[in-house]
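Chain lettering (A, B, C and D) follows the sequence in which the chains are written, and residue indices restart at 1 in each chain.
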Amino acid sequence: MKIGFIGLGRMGAAMAANLVRAGHDVTVFNRSPEKRRALLELGAREAGSVADACHGEVIITMLADDTAVADVALAKYGIVESLARGAVAAPVFGRPDAAAAAKLFIVAAGDPSALAACQPLLDALGSKTLAIGTQPSAANLVKLSGNFLLAAVIEALGEAIALVDKAGIDRRAYVEVLSSTIFPAPAYKTYGGLIAEGSFQPAAFAAPLGFKDIGLALQAAESLRVPMPLASLLHDRFLRLLAQGGDSLDWSAIGGLAAQDAGAARTAGADGASRSRAVGDKRAQDR
Amino acid sequence: MKIGFIGLGRMGAAMAANLVRAGHDVTVFNRSPEKRRALLELGAREAGSVADACHGEVIITMLADDTAVADVALAKYGIVESLARGAVAAPVFGRPDAAAAAKLFIVAAGDPSALAACQPLLDALGSKTLAIGTQPSAANLVKLSGNFLLAAVIEALGEAIALVDKAGIDRRAYVEVLSSTIFPAPAYKTYGGLIAEGSFQPAAFAAPLGFKDIGLALQAAESLRVPMPLASLLHDRFLRLLAQGGDSLDWSAIGGLAAQDAGAARTAGADGASRSRAVGDKRAQDR
Amino acid sequence: MKIGFIGLGRMGAAMAANLVRAGHDVTVFNRSPEKRRALLELGAREAGSVADACHGEVIITMLADDTAVADVALAKYGIVESLARGAVAAPVFGRPDAAAAAKLFIVAAGDPSALAACQPLLDALGSKTLAIGTQPSAANLVKLSGNFLLAAVIEALGEAIALVDKAGIDRRAYVEVLSSTIFPAPAYKTYGGLIAEGSFQPAAFAAPLGFKDIGLALQAAESLRVPMPLASLLHDRFLRLLAQGGDSLDWSAIGGLAAQDAGAARTAGADGASRSRAVGDKRAQDR
Amino acid sequence: MKIGFIGLGRMGAAMAANLVRAGHDVTVFNRSPEKRRALLELGAREAGSVADACHGEVIITMLADDTAVADVALAKYGIVESLARGAVAAPVFGRPDAAAAAKLFIVAAGDPSALAACQPLLDALGSKTLAIGTQPSAANLVKLSGNFLLAAVIEALGEAIALVDKAGIDRRAYVEVLSSTIFPAPAYKTYGGLIAEGSFQPAAFAAPLGFKDIGLALQAAESLRVPMPLASLLHDRFLRLLAQGGDSLDWSAIGGLAAQDAGAARTAGADGASRSRAVGDKRAQDR
């Protein structure tokens, strides 16, 4: 298919490459042009503007936030002006490694015939696509709720690890127990590992993006009048992380706040040399 | 091995049967004698008292709460008086169906030689045993923290399901999406299903037991000075459930409170027979 | 002074009357004209439109929410088009009875000379004016934070009263003890009394307005990156109250939710005949 | 009256002195004898043991915690063995300065005739005594609930002050506005002032004692099945303060945690000598 692809960050670059490899005719656009090079070498075409990327049958955006989406969508010569109708929402679950491996989970909603037309693309990007209705907004709410559930896992693991750690139990062994018994889901292994190591950089999904999604979930909850106390707790955790300077950390860094509250100083690194501390301690050290 | 087994509830009866089937010499004791019958038919021996069950190499208790354990352990002619030293703590994760299928997850801690001696028994009861140190108390803390993590899943699912439900998304399809994509852990399928159906009876693990475990986790957290705000939230959820008369419900019923807060009146049942679903609504109906 | 006064609800009508009585030349406007009558009899002039009310030196708005303010301020021939510069923000604390008695507390911010010019008006409306800086927005933030502190009092009293009530202590005697000893502030007497009686109608300050102010405080907190967990708790309480149909109740009705959570059925009235129940129970009764 | 007085800390010493000045025959006991000297000079008698202090009509304890009370009450030759029946519970509200000025608020419960007999003593200690029933335990629950309400004020003020401070509003002026308008209760002036100054030492009521009282309130709430989410929040705040080394701080130091979460580095001191203010910053400085 003829595809326009806008946004070549860690997720987007991996996904666009998969589409090229699957034989699609992909025209890419990114604000900073240096990111396009690898794609062009792989066989993608270059668009000089958003409008140039909108001549195909499908356009995919993989942008950091709604402002960025609005910019490319609503601008003069933007997506909305440049493309035909038939919207499908298909948010993805997965981190950059899953994007590279074409193992994203995709939740799609929209007109059934439009969905069917997009299926080959979705197959090139992910291992599974689940349809959740005909309203595109439903897919976005499911995506937001999924990120809420993942953030809840991070918070719960953060508290549990702070607890067993202070009791003298090995953090890594503990995460191994959890992820190989009652919680055989990648999220527990991935986030449990990051929290046990206290390793929140580089960010695969940055804290401000996690904060944004929890905020959007809470906005939807307010419109629908659904009190979500755990989402409120997560909101306050992210806000605190950002207030303390955590903008460049992975969103799993909220899982380090429980240890910070417990006054725990942590060490990481098998060699005993490298030293990682919980977020707040780290900052104290840096001052 | 020669084993004493005390406590023949839904979990204990299934586990004791597995031990008999694995060829062990099992002597069972239960306060209400009628529960012993099926075990005796399977080949177990009957003990007339706790002390009578304590003549073997190993004694296993599967009791509802600490008071019950203290009763059998500390009483005149109880376990402590009647058994040799060499304690191993080996709490299990899993619901009655996992116990029956010998697919429990077991976390064990204690003296390595004592642990090795128990291994054949643990193999007859579960699909996996993970050693977590030499302090028996460590295994218990891991068990408590595991139940905290499960309760966190229930609360998070309860809020997410209340949200998407009020947005008009099908609850069962939503749980199917979650458990087949980002959360391929049985807990999400099991508890998500129960919450989506609003089906909290009969209790596989009763709410007062969940409340007890969250309380014990918070006690440990207080001793170790580890603030756990999510555990506090769960504590308040369970307390509210019990205050509203939920003692006989499954602990996953706290996952119905978010819908109750959202004022949701739900109907369930494939047959179209509407019935009230959220915990509070159910009670209002019963009055 | 020549004053335009827009918004004649319970608060505004009492305040405009005080200005007329203090000898000022007051022109009133209200969307529903029947509310102007009493003011006209007292000596106020009538404006046929917002613009007609904007010919004086000062214009005061006493409207329910920001949408209403924006309507009269930003409309064609609205306040912004019709009035000279020199803004002063002077939000008031107090319920309708305090407005009628000219005993409001006023927090003012703005240009010092503009503030001085308004002082006679403020003196006619309240018992005390406190200047809090030259930025009008500062006065609004103080107002919002004051309503946050009042809502915190309501929540705290709601929980404390639910506790002592279930222990068999008389709720009214308890509130009397508190308000005559450690908490000699009117808020404790007023809200404690309403919660003890379970009497949340008619609304002196309606729940949706309280919810709005907590929401605005949380928005300011988010912009400034200040996590406020107690404000988040209050947000969830209000959202639950509204989700359960509490739009017409006084905002102190969130103080009835703790008793609802505790499963408490309350009786009120010395004669034993009248029966008041906590918010949720009341609704159950009404169904 | 003939009175035994046990416990001569900052509160007890001031109270015992007031009883001596009121003409009562007071025999004092304290574990560390040096604290008795000032009382003996004032005219009190010295007891060599708890039992020696129990020969009078009334015995008053003013001890830091329940362990200390249990020690003197239940020990061999302790209070319970040494005194006649007729218990009255009369917990007091007030800080050491109120104790010295005989302006404590006293909440009393017990047998009416026993209460009447104690009235002269209570009059010598406080400005007001309120009877709350015949069950001594009721007075203790009211005392605990009062400390819960005070801690709620501290938390609410801590969040509000962190908010307005980050918006550039002067903290002291803000507290002055609050305490002279909507919150004319000493608690707002006292705790607002301490939080605005970031001055949490010396402790008039130490953080571990506040933590203990919130814990006892939550225990009562659990027994009575009354969920108290705000009390849970306060519990977590105190636990965090203690985990971070705040044992010697005044309990109002939990009011500094919101500013710590907001990443605020504050300076205080009219002399312009900057010093670090928020709890965590203070610790960072001390390392």
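Please note the rule applied: a residue touches a chain if its C-beta (ideal position, glycine included) is under 8 Å from a C-beta of that chain, and two chains touch if they have at least 3 such contacts.
Since this is a predicted model, take the numbers as computed values, not measurements.
Colleague: Does the subunit B and subunit C pair touch with the same residues on each side or with different residues, judged by whether over half of the numbers are shared?
Modeller: same
Colleague: Determine, using the mean of C-alpha atoms as each chain's centre, which chain is farthest from subunit D.
Modeller: Comparing chain centres, A lies farthest from subunit D.
Colleague: Using mean CA coordinates as chain centres, what's the subunit B-subunit D distance in Å?
Modeller: Averaging C-alpha atoms per chain gives centres 42 Å apart.
Colleague: Suppose each chain is reduced to the average of its Cα coordinates; what separation in Å results between subunit B and subunit C?
Modeller: 49
Colleague: Which whole number of Å gives the spacing of the CA centres of subunit C and subunit D?
Modeller: 34
Colleague: Note the residues in subunit B that touch 2 or more other chains, in rising order.
Modeller: Only 221, 225-229, 233, 236, 239-240, 243, 261-263 qualify.
Colleague: Quick one: in the complex, what on subunit A touches subunit C?
Modeller: Contact set of subunit A toward subunit C: 215, 221-222, 225-229, 232-233, 235-237, 239-240, 242-243.
Colleague: Which residues of subunit A touch subunit D in their complex?
Modeller: It is residues 229, 236, 239-240, 243-245, 261-263, 280, 284, 287 of subunit A that touch subunit D.
Colleague: What does subunit C use to touch subunit D in their complex?
Modeller: So the residues of subunit C in touch with subunit D come to 93, 105, 107, 128, 130, 132-133, 135, 138, 141-142, 145-146, 148-150, 152-153, 155-157, 159-160, 162-164, 166-170, 173-174, 176-178, 180-188, 217, 220-221, 224-231, 233, 258, 261-264.
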